[in-house]
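Chains: A, B, C, D and E, in written order; residue numbering restarts at 1 for each.
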Amino acid sequence: AAGDEAADTGFGEASAGEDEQSDSEENSEEVVVDEDSIPVGLLHSLSGTMAISETSVRDAVMLAIDEINEDGGVLGKEIVPIVEDGASDEPVFSERASKLLQQDDVAAIFGTWTSASRQAVLPVVEEHNGLLFYPVQYEGMESSPNIFYNGAAPNQQIVPAVEWLFDNVGDSFFLLGSDYVFPRTANQIIQAQLDDLGGEVVREEYTPMGHTDYNTIISHIRDTEPDVIFNTLNGDSNVAFFNQLADAGITSDDVTVLSVSVAEEEIRGIGAEVLEGHYASWNYYQTTDTPENDTFVSNFKEAYGEDRVTGDPIEAAYFMVYLWAQAVEEAGTTETDAVREAASGITFDAPNGPVEIDGDNQHVYKTVRIGEVQGDGQFEEVWNSGEPVKPDPYLETYDWAEAIQ
Amino acid sequence: MLELNRIEAGYGESAVLRDVSLTIPKGKLVCLLGRNGVGKSTLLKTLMGLIKVNHGHIDYQSHNINDKSPTWRSRKGIGYIPQGREIFSTLTVHENLQLGLEARQDQKKNIEPGHQVYDYFPILKDMQNRKGGDLSGGQQQQLAIARTLVADPDVILLDEPTEGIQPNIVQDIQDVIKDLKQTNEKTMLLVEQSFDFASEVADYFYVMDRGRIVYEGEREELTEENMRGYLSI
Amino acid sequence: MSSVAMQIFNGISLGSVLLLVAMGLAITFGLMRVINMAHGDLIMIGAYVTYLMQVIFVQYIPEQFFDWYFILAIPAAFIIVAGIGMLLEFTVIRHLYGRPLDSLLATFGAGLILQQLIRTIFGAPNVGVQSPSFLQGSLEIFGLYLPFSRLFMIGLVIVCLGGLFIYLYRTRQGRRVRAVMQNREMATCVGISSRKVDSLTFAMGAGFAGVAGCTLTLIGPIGPTIGLNYIVDAFMVVVVGGVGALTGTVIGALGIGVFNTFFEYWTNASMGKVLIFALIIAFLQWRPSGLFSMKTRSLD
Amino acid sequence: MSYLYSKKTLVILGFVILLIMPFVLAPFNLNLLGRFLAYAILALGIGVLWGYAGILSLGHGIFFGFGAYAMAMYLTLQSGGMPDFMGWNGITELPWFWAIFSNPIVAIVLAIAVPMLFAGILGFFTFRNRITGVYFTILTQALVIVVTTLIISQQQYTGGTNGITGFDTIFGYSLNSVTTQQMIYWTTVIFLGLVFLICYKLVNSRFGKVLIAIRDGENRTRFLGYNTSIYQVIVYSFSAGVAGLAGMLFVLQVGIITPSMMGIVPSIEMVLWVAIGGRGTLIGPVIGALLTNGASTWFSQTYPDAWLFFIGLVFVLVVVFMPKGIMGIISTIQARRRAKKYGKDRKEEAKLYNSSSI
Amino acid sequence: MEKIEKKKQSSTTVLQSEKLIVQFGGLKAINEFSFQLSDRELHFIIGPNGAGKTTFLDVLCGKTKPTSGNVLFKESIELGKLYEYQIVRKGVGRKFQAPSIFPSLSVMSNLEIAMKQQKGFWHILRAKLSEGDKEHIHEMLTLIGLKEESNRTAGTLAHGQKQWLEIAMVLMQDPELVLLDEPIAGMTEEEEEKTGELLRTIAKDRAVIVVEHDMDFVRKFADKVTVMHEGTWLCDGSMEEVQQNERVLEVYLGRR
């Protein structure tokens, strides 16, 4: 009987796979993929540690899809989202990506957050020639023909922030980050840039994921007395760091913290009172003053509740659906190569201002904004780049970055 | 006082006791004899409620107590001194004795210093603050008996109290049992291997073999000739 | 000089956090031998109770009383999480006494359920809890900055420990607890209701997890998966201290706290973590049953 | 005896069915099944360690990870040369401990040997110092923390949290082509069969009996003249080697390995597969791995919000109420049937006599 | 008669302890205990509870390490310095007080792994049960009366049967020195008798140390008796001699 069991499992998988139609029906009850619709995949962690950040991004994508469908869809067809849970686990991401591409035959995947999950999906989309739209700012040094990067490249977030800090705050930097790829790469860039500018890195610290005790780091901060703490901690650790920094009596008057991973959503978890007066560098804030943003914010709140906030990755997740839809319209098909071809130069008036796909590296032109946290948990913009900045994931246009490329 | 009626009980699905009936009259000392592994301890555990009864019923003071917990039984006056002593080894001797009070019906909270158990076992007084587990086997046995006695139970179940005990303490224990029987008129069920001792104190006896009662009788019938057939291999 | 003193304080304060986190486990694991992997999730629920209390205060209570929410949240967290612990004991744990490794796996499953429950109720994103104003800022003496929140935690842990110690070693109920934990069957035979004791003891362990969760809102994030951040640390503290020994747990927590902060100070946070765990592994080779082992003859 | 025979035939039948799967399944599902089979191999190793020797390791994720990393390193080197993360981290020359992995034989040998050696060394000290049971289990958790934190913090050599991915060929063939995937699938099935056979021989030999003896009474076994710690070290190391093998096969089918797959949670889940299938058997772990992963894949796709409730509940229920897992249920049913067949008297006997264990 | 002659002739010292001390915390469980054992001797150790008898056996089999002093086995082997398994391989077998057999293995397998054999990993991995082994095991099963039960799971045996099985497991190792801790605890007189005879048989070609509280049993079977008290040697000799000793009467036997 036991041997049978083993075989049964095999067959169970088989029957699930043989009949694609029934499978996608199983996925979400009302989804019916037929001639008049275009399936797209939504691939985010809805469980596990990353669910904290990724669920809101999924909500934004859903909002955009709904809006487009209300306007008549794409190529006259309805967009049908197929939602998959990446479960904060890279193999699951890669498995679900294969499933979406092979079984559900989706036109594009909107999804992933961490670099690890993006890189897990990368070989899959390349192999099956699919498309991934990625909504988060990241460390750069990558450009896959099958991925559209809608978050900021380092030169659209980090480099201008360092420059602004150097000009307006001071020249000694304390670099603090979580121990993973983005902070380490970001800090290399900062180091190189400061060397060029004549600034100084007084100390570089990384803390493991889930680290909750920042007292020792704070001791180091006291010892080194930097002008600026450049903070690349990821979501969770920020709470511990800012709380303990405030408890230690160090306020924004004593030292300026600029964060690149703290958006409105995170402020709610940290508490605005401890963040007040510190800065962030993003391309978008909920308070960004554009007519598109007013509509976006009110639609988002209407859809998901008054108490919800938007933020940079949420906004990127929202506009990237529009970019894709326009590219499809332009190409007249959802076929990957045609869409990629058509996407180059596509522009859209996003909530953060005009954005444009750079055909060379499939990143997006975006405006850079530095904001100061206010007591109500919102940002006040203190500086912006004035115009969308050309994405440069490999920092090729900066001489000082030679060693990093 | 305590009556077993056609009891079947055991561990898991295998029955160790089969169709056992046995009566312990008030104020008497009943002795249970039998070879190893025939189910004597199992019987005591069943009486105490540590093992569920599959068939039959146990009556205590004429009430069926089949589904009462050990806690209930001990609080109603059934005291149990298990084989292997089972004292609380990380608690001190004093604390062990205090725990004995849990079963008291009168809710007394402390043992007065001159309590009877200290007369019976003076060594326990000297060792009050030692960990129970550090006592030697014989001392532990004395502690186990004392722990039951402080609760002032009506019925005492003793499982081979002299097993592995040095001769002079065996004598002490036997004296205590005799005294309990004579002066305190306790009802007792004693499981014993020592034939001599059993014949000296028992009012009535049962012999067990393979989970059944195979012989019973008054003290007079407890002779070596009568027993030979049942206790041999 | 002052940085060394500061680090010693940091070490003690980390130790007190560890101790808070481990105290409940010292009961459920140390005393009851249940490898309670859901401990972290009980801590998480304690934190959410605090959050809920804050929400209630913000909505229904006049603003000038806001700070009281935290004071009320401590007993509330204790009671509510103890209740959940009792439920957990009744449904799952009571079948697992004497099967420690099984209890590990089952409580892991129970933890998953608790996480998903919280995620369903409160949503996946982190929630924020504002520290009461009297715990913000720090005390400045001799050039040292001692955050009030840390001082509060050190105080709280001392109070909790003292209470626990008196309860276990000076009261009748505590004696019952120790008896049941050692020999469940025999305890029932002397008239102790082991069901009641088990249930209350586990609930108490859970309750302390709740208190820990409550105070952790002062320093860390609050989300459905924060339990994972603390669970392994808690086990290390109990094991290093010696299972079943309260004094061991205290010294274990302080030791790990102080060593960890110094390692971190000299190297970095990641290496500090690696070093402290490597040290624990090495330490256990040397003293397999921890600093204080409750070894008597009949236990081995 | 005839019953035993039939159990064996069923195992062989199951194996044959697995072998013909590539002709039945769509590539995507075949890949999924192949991955589960790699998990099944891992579960077998844990099954022997826990079910027979009574050692519960919550750190098998790292051995699995070692195997996977070794294979991934080889694949990276042969499909694209130096990994790109080294470049960004300012490493210009391939370090020697990477360079050796460019040879496939070395890579494969190390994928198994490194976990074995590592487990052997750790086990040697730990078991010699008589750290067993709960203490050992918790110690393995500490080990997981040390190893994963190290891997993450040394990202210039390991790729950090991103892990290693992005390789697409093996021996010059595209890793993603259907034929290659079929080959890899078959390789996995054959290794599963092989590992199963080895485990079967192992647990039914006198060695297996000694393991059970150690599980049931470590001290007692020592007083029979056995150096129990050596036996424990050997099964631990064996089981780690099997985990390494599984990791290697896993990477070939999934194309990525990151430290998060080596963490505490995955390590506990691995043990739960064994618990669900049935500890103390060999079929149990295999079934458990296939069924649990199959179910959780299906469930999390169908009910993404409810599946954690469900899987948590299954873990609890199985551990609490079915301590012998699925195999336990099956053998209870079999015992009942036999009892019926032979009449009531045999009922007890069926329980008293145990047959050779599969 | 001839046999007894032979026994006397070849008597050499197998075991010798000199000023042995074992300390647990502040307590000296064994305090300068000196002891000597001749080959083929059935030697009983008696003494009050807590005298250190079990502890002494623990030292002999490696379970407890002496604090100071040592025990010499066959004149050259220092038992205090060896691991348990090494001591067993040198030829010391011990039966514990509570029956400790392997409950989930069959009776047969219990004996199979106890058998005298090379117990290294490689040997065990390849070992097969030869015909000779089987015969040997069956002999043993007959001796302890468990022939019928050879395939039964040992955990389901009765208490007495477990005790016998454990004795058989010790004998399977063919040890030169056998240690038994209260082997007749909880046995009926008939069983005692049988065990006593068995001990005599065993002692024909090896030394045996028995710790026992049952004086009738000791009287009947002991070649020599040593009395321990508070960790030290109190006296030794035949049971008759020991019985006369004032101190023994006082601390142990009691007067009646």
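As a working rule, a contact is a pair of C-beta atoms (placed from the backbone, for glycine too) under 8 Å apart; a residue touches a chain by one contact, two chains touch by 3 or more.
Here is each chain with its UniProt name: B, E = Urea transport system ATP-binding protein; C, D = Urea transport system permease protein.
Note that the structure is predicted; figures quoted are calculated from it, not measured.
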| item | value |
| --- | --- |
| Most widely separated chain from chain E, with each centre as the mean of CA atoms | A |
| Pair with more cross-chain C-beta pairs in contact, given A-D and B-E | A-D |
| Most distant chain from chain B, judged by the mean position of its C-alpha atoms | A |
| Separation of chain B from chain D, taking each centre as the mean of its C-alpha atoms, in whole Å | 51 |
| Chain D and chain E, separation of their C-alpha mean positions in angstrom | 44 |
| Distance from the mean Cα position of chain E to that of chain C, given in whole angstrom | 48 |
| Numbers and ranges of chain A residues touching at least 2 other chains | 46-47, 179, 206, 208 |
| Touching two or more other chains - residue numbers and ranges from chain D | 149, 152-153, 305, 308, 351 |
| Where chain B touches two or more other chains, by residue | 14, 134 |
| Touch list for chain A against partner chain D, complex | 1-7, 9-14, 16-18, 26-27, 46-47, 83-85, 87-92, 94-96, 98-99, 102-103, 114-116, 119-120, 122-124, 126-127, 139, 141, 179-181, 184-185, 188, 206, 208-209, 403-404 |
| Chain C-touching residues of chain B, taken from the complex the two chains share | 48-50, 69-71, 74-75, 80, 82, 86-91, 95, 98-100, 102-104, 109, 131, 133-134, 147-148, 151 |
| Residues of chain D defined as touching chain A within the complex | 7, 9-15, 17-18, 21, 24-29, 31-33, 35-36, 84-85, 88-90, 149, 152-153, 155, 159-163, 165-168, 176, 254-256, 258, 260-261, 266, 281, 283-284, 286-287, 290-291, 294, 297-298, 300-302, 304-305, 307-308, 326-327, 330, 334, 358 |
| Contacting residues of chain C [partner chain A, same complex] | 3, 6-7, 10, 13-14, 17, 116, 119, 123-131, 135-138, 140, 145, 147-150, 216, 218-226, 228-230, 261, 264-265, 268-270, 272-273 |
| In the complex with chain D, residue positions of chain C that touch it | 33, 35, 37, 92, 95-96, 99-102, 104-106, 108-113, 115-117, 119-120, 228, 232, 235-236, 239, 243, 268, 270-271, 273-274, 277-278, 280-281, 284-286, 288-289 |
